[in-house]
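One chain, subunit A, appears in both complexes that follow, with subunit B as partner in the first and subunit C in the second.
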Partner chain A sequence: MSGFRLTLKAPLSARVDASSLLPEALAGVSAADVAALTVPFGTGVALVGDLFEITAGSDEAVVFSGDPRLDYVGSGLAAGEIRVEGSVGVAAGAGMSGGRLVISRDAGDGLAAGLTGGRIEVFGSAGKNVGGPRPGERQGMRGGVVSIAGRVGDGLGARLRGGLILVGGDAGAGAADGLLAGTLAVAGRLGPGAGRGMKRGSILVTTAPEALATGFAEAGPQDFVALKLLARRVPELAALFGGTLSGRAVRLVGNRLAGGEGEILVLS
Partner chain B sequence: MRTRVTGGRVFDPANGIIDQVRDVVIEDGRIIADPGPGGSEEVVNASGCIVLAGGIDLHSHIAGGKVNLGRLLMNEDRALFPEPFGDFCGCGGGRAAPTTHATGCRYSQMGYTAVFEPAVVGANARHAHLEMADIPNIDTGGFLVLGNDDFLLRLIAMGEGQQAINDYVAWMLKATQSCAIKIVNPGGINAFKFNGRNLDLDEAGPFYELTPRRILNTLQRAVTELGVPHPIHLHGCNLGIPGNVKTTLATMGATEGFPLHLTHIQFHSYGTEGDRHFSSGAAEIAEAVNAMPHISVDVGQIMFGQTVTASADLMSQYRNHNIADPKKWIGMDIEMDAACGVVPFNYRDTSFVNALQWAIGLELFLLIEDPWRVYLTTDHPNGGPFTSYPHLIRLLMDKPFRDHHLRQIHKAARSHTRLESISREYTLEEIAVVTRAAPARTLGLKDRGHLGPGARADVVLYEDQPDRETMFAHPRIVMKDGEVVVVNGEIVALTEGRTYAVHPPSDPLMDKRLERWFDEAVGLKSSHYQIADGEIRGGQGPEIVELKP
Partner chain C sequence: MSAPAPLLINGVEIRDSFAEAFPMAGTRLIITADTPRWAHTAAASLTGFATSVIGCGCEAAIEREIPADETPDGRPGYAVLIFAMSLKDLKKIVPLRAGQCVLTSPTSALYSGLEGGSAVPLGKALRYFGDGHQMSKNLGGSRIWRIPVMEGEFVCDEIVGSTTAAVGGGNFLILARSRPAALAAAEAAVAAMGQVRGAIMPFPGGVVRSGSKVGSKYAGLIASSNDAYCPTLRGIAKTALPAEVESVLEIVIDGLSEGEVADSMRAGITAVCGLGAAGGVVAVDAGNYGGNLGPFHFKLHELMAQEAGR
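What follows is the complex of A and B.
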């Protein structure tokens, strides 16, 4: 077993950039080697061994005990698995291109920013800008799957370009801002101002959103064969809405101020 | 405190010292004549090293409005190249659009000790100076951009006479604490604001009906009559347009005998031959430069990889914005006196055009015979980040290395360049000229770029090794004003540099006249526009460059 378990010795007193602690980077090294690595800590650096107790893992995965100041967990992950038993800070899984990241509690802002592939599962809630662009980027998440059991903050799926985001709880204000393509599914309520500048893509919800951004038009209830196919092909999407999709939904077309090729489907 | 750098091979072409093993003695931040043994001295062993003066980059966009817009646009640049955590670093970073701290650190890690910002727009001059003051370990200076500003164009169009122009130029140089005049696309940026999309050397612009030639000649005369050491620093017409080699040659012929510096000439050396209608004009340009001793150039070599172009030439940046990579750009006006365009580029060796641009730059370096009139630049960040200089130096010094890279570029581009047939390799002496002695001379910095008595004690020790790229990327020791700031390519100390300016005298009546003009036409008062000496580098004040008699 080449994996490691990194248990924090004490709650973190400053923010840590954990982007270098990836399974690929740690494969084939000893626990002492891992302890001797440095990570950015506050405005300086710290030895991994000073912050974490390092033990061999039970499988190939890298397992962290979480902390809300542990940032960039799994950022840049291309293969392998990272599990966090607790919460993480900002930008977890940012720029991930493959592999799997599992967080047992909450994630901070910028979860899955610029994701291009792989899977992220969060069992608690997540902060702002889930699946959005990283600084300087024109597009947000471009592929992969993100599933969040709880609620998410504002700005869900901003400039999303591809992939699937599943939210078990409510979403904050301004979701799907400038969304380009891809799919959002929100089992709870969609916050106000969603869909501003949304060009294409789909948002699946169960309750009609209250205050969408200007530019949407209701096209009435329709039967969608595609929804039934989708439920069969993507079981986790169906599971989010109770196991089955009826195929019937009210279609809100928009955002017509940005081309109007997207849609919000209110499932019935 | 006296320091003796001993045992190194000294290359000091300005003083005719080439590859001689001799001591360099430093006292109180200056180089002094060797007083002989005796007294208390700190000895720096330079055996196995070559000893050069500190590097000088006379054209690198390191401060000011457009540089900051570049940072804003290229956020990801800092994420990709963060500053290493440690005692001296830990914040900022970047390559194409580095933060001020990273700019100073990367430059001094290569052995550079002075860098000049070649495009300071008057309205942004205060910002540029504040940023320059924040760059550690290097001395700086700014070139003021004129040639598209309404007041000047109005003076020329109304036939006000050369004295009024001279007074205005002198007033502006002092007000903005700049050390030379730069012209960006003379009249062209103004024409762009009247929807002009190009303006050739002898084409009258809209509204003022002035030709770029007339604007150029007027300012050349002003700079010469005022005694500003550096000639007009010209970013000419038609940048980047295939066939612009004709314009560039015409510009060289239009100087009326005044000296002229043509900047990033690589972007101005394109022909229209071949089935792709894009070819190298380097041979014609080099021939002309060789024949005209009053012309100097810097190359603006392009280097493959991601960068961002930031230029006051909004006309050409607007032309290029469709090929931005990544797809984003900024174009803006600045106080109606200038403009700015910021467009990210990713130069690829698999692209015919980029590959040929790369070859054209190298051809220019190698075909222009006099190293005293060609300066090593990539027009940072427009041709590539300045951190690529060591690689560029190796391309110039190492023919097999150059041929190896030539074999990797776009096939069709290879057949359009004569680079393979050029056997010239730069010597260490020539590198010392193009990166040190020559830029110091053209800028009128008498105590820089050489190692003679009285010079600033900016001394760099490079370990002599066959791989020139490694050699010039990791100097053994860099001294700034006698203080060691870099050891084995790592920063060990941060010092504050100085800022160069020229203060030619102007008629006090020009003060009155400009006060009125600022009240009528500009967004702030003339008294607020002018930068006081005490504002430079937190009260240190500018270092005044002597005017030519």
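What follows is the complex of A and C.
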């Protein structure tokens, strides 16, 4: 086994950029080597060994003890697994292209920004701009799967280009802003202003949005074979909505103000 | 030196002959619908007029019915196999037939039933019918297309895989004492062969009454009636039929692999022999072209050696 367990020696007093602590970067090195690495810490840098107790892992994953100031965990991950026991800071899983990131509690803002592949599971809640663009980029998440058990903040799926985001709780305001493609599934309530500038893609909800962005047309109810298909091909999608999808939904099409033909499917 | 003893199974002579078959490109599609009836209607339409590549451009038939709990969308379904002489032909014929016969059929959906090999377009070609309103979803490892139609939406996979290891033209002939006996034997064979996955019998009901030979006295005809097996020509043409044979039926088999064609032939001939001489079956023969045209030779004696106890 070449994995490591990185246990914080004390709650972080400043923000840490953990993007360099990836399984593939730590493969084949010793605990002492890991301890000698440096990571951005506040306005300076710190030795990993000064922040973490480093021990051999039980498998090939890199396991962190969490802290809300531990940022960029799993950012750039292409393969392998990272598990966090606790919460993380901002931009967890940003730019991931593969592998698996599991967070046992909450994630901060910018979770899964620019994700192109892989899988992120958050067992708590997540902050703003889940699956949005990385700084300087025009498109948000383009592939992969993100599952959040709890609620998410504002700006869910902004400029989403592909992939699937599953939210077990409520979503904040302004979800799917400029959404281009891909799928959002929200088991709770969708916050106000969702779908502004939405071009394509799908939002699946069970409760009709109360304050959708202007520009959606209701196409009425329909029995969607595609939902029955997705329920079988993507079991976690069905699981989010209680284990099954009847296929029946009301379709709202928009955002017509942006010439878009995205859809919000309000499941029966 | 004495001739080897004829191979007899339940009084039916298995002739020392072989079926000569050819390489083909093939694929499997899965069609579902709201009810078994409409799934069958779409499948039957898709595989209609697809008995022989000679005149139809492809060979196709229903492979099996699929219970709802085994289909991609949980609705009743059918698996069909389609074969063409080349991958290029297959890529042309599959979206053409899917567009005309499945897209148009009420409540239908169309899915890939074969992975790997060269991708044959389904929704990738059909999506344009949506006139810009079509939507795709890339989830669960594959892309689907949703095409708006008057009835609701037509859903299909973007592509289906294919194989160039398919084999077409496996066959055997049932030589019987009467037309009813030949038909009963053919029906028994088709029923048994229907249990073999990966192979189809593309002719009507799985049976051919007009087996052909290569060439004709008429210029431009590449095939004509197999006079050696026509009972009414006995005495004026070189015949392969003993005096007691009044009727011959042929079963042609296409499969996704050589082994599946062999399994299907074996199942069919075994069923024919099950009726036996008492059922009016005289012999089982096979069609070939001397072995010079097709690379796959299904020798009847080898196929049936185990059943004959040899």
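To be clear about the criterion, the second predicted complex is superposed on the first by the 268 of 268 C-alpha atoms of A that agree within 3 Å, B and C clash if a C-alpha of one lies under 4 Å from a C-alpha of the other, contacts with A are read in each partner's own complex, and residues count from 1 in each chain.
In this text, contacts are C-beta pairs under 8 Å (C-beta built on N, C-alpha and C of every residue); 3 or more make two chains touch, one makes a residue touch a chain.
Keep in mind it's a predicted model, so treat the numbers as computed, not measured.
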Checklist entry - When the two structures are laid over each other on subunit A, do subunit B and subunit C clash or fit? => result fit
Checklist entry - Which partner does A:121 contact after superposing on A: first (subunit B), second (subunit C), both, neither? => result neither
Item to check | First (subunit B), second (subunit C), both or neither touched by A:234 | outcome: second
Checklist entry - Looking at the overlay, what does A:43 touch: subunit B (first), subunit C (second), both, or neither? => result first
Item to check | Which partner, subunit B or subunit C, touches more subunit A residues | outcome: C
Checklist outcome for this item: Apex subunit A angle, CA centroids, subunit B to subunit C, rounded to a multiple of 10 degrees, is 110
Checklist entry - Which holds for A:134: it touches subunit B only (first), subunit C only (second), both, or neither? => result first
Next on the checklist: For A:225, using the defined touch cut-off, is the partner it touches subunit B, subunit C, both, or neither? Pick first, second, both or neither.
Outcome noted: second
Next on the checklist: Looking at A:200 after the superposition, I want to know if it touches subunit B, subunit C, both of them or none. Which is it: first, second, both, neither?
Outcome noted: second
Checklist entry - Tell me, in angstrom, the smallest C-alpha to C-alpha distance between subunit B and subunit C in the overlaid model? => result 23
Item to check | Shared contact residues on subunit A - subunit B and subunit C | outcome: none
Checklist entry - What residues of subunit A sit close enough to touch subunit B in their complex? => result 38, 40, 43-45, 134-138
Checklist entry - Of all residues in subunit B, which touch subunit A in the complex? => result 73-77, 79, 85-86, 90-91, 326-328
Next on the checklist: Quick check on the complex: what are the subunit A residues that touch subunit C?
Outcome noted: 143, 162, 164, 183, 200, 202, 222-226, 228-234, 237, 261, 263
Next on the checklist: Please output the residues of subunit C touching subunit A within their complex, sorted ascending.
Outcome noted: 32, 72-75, 107, 109, 133, 135, 137-142, 144, 146, 152-153, 155
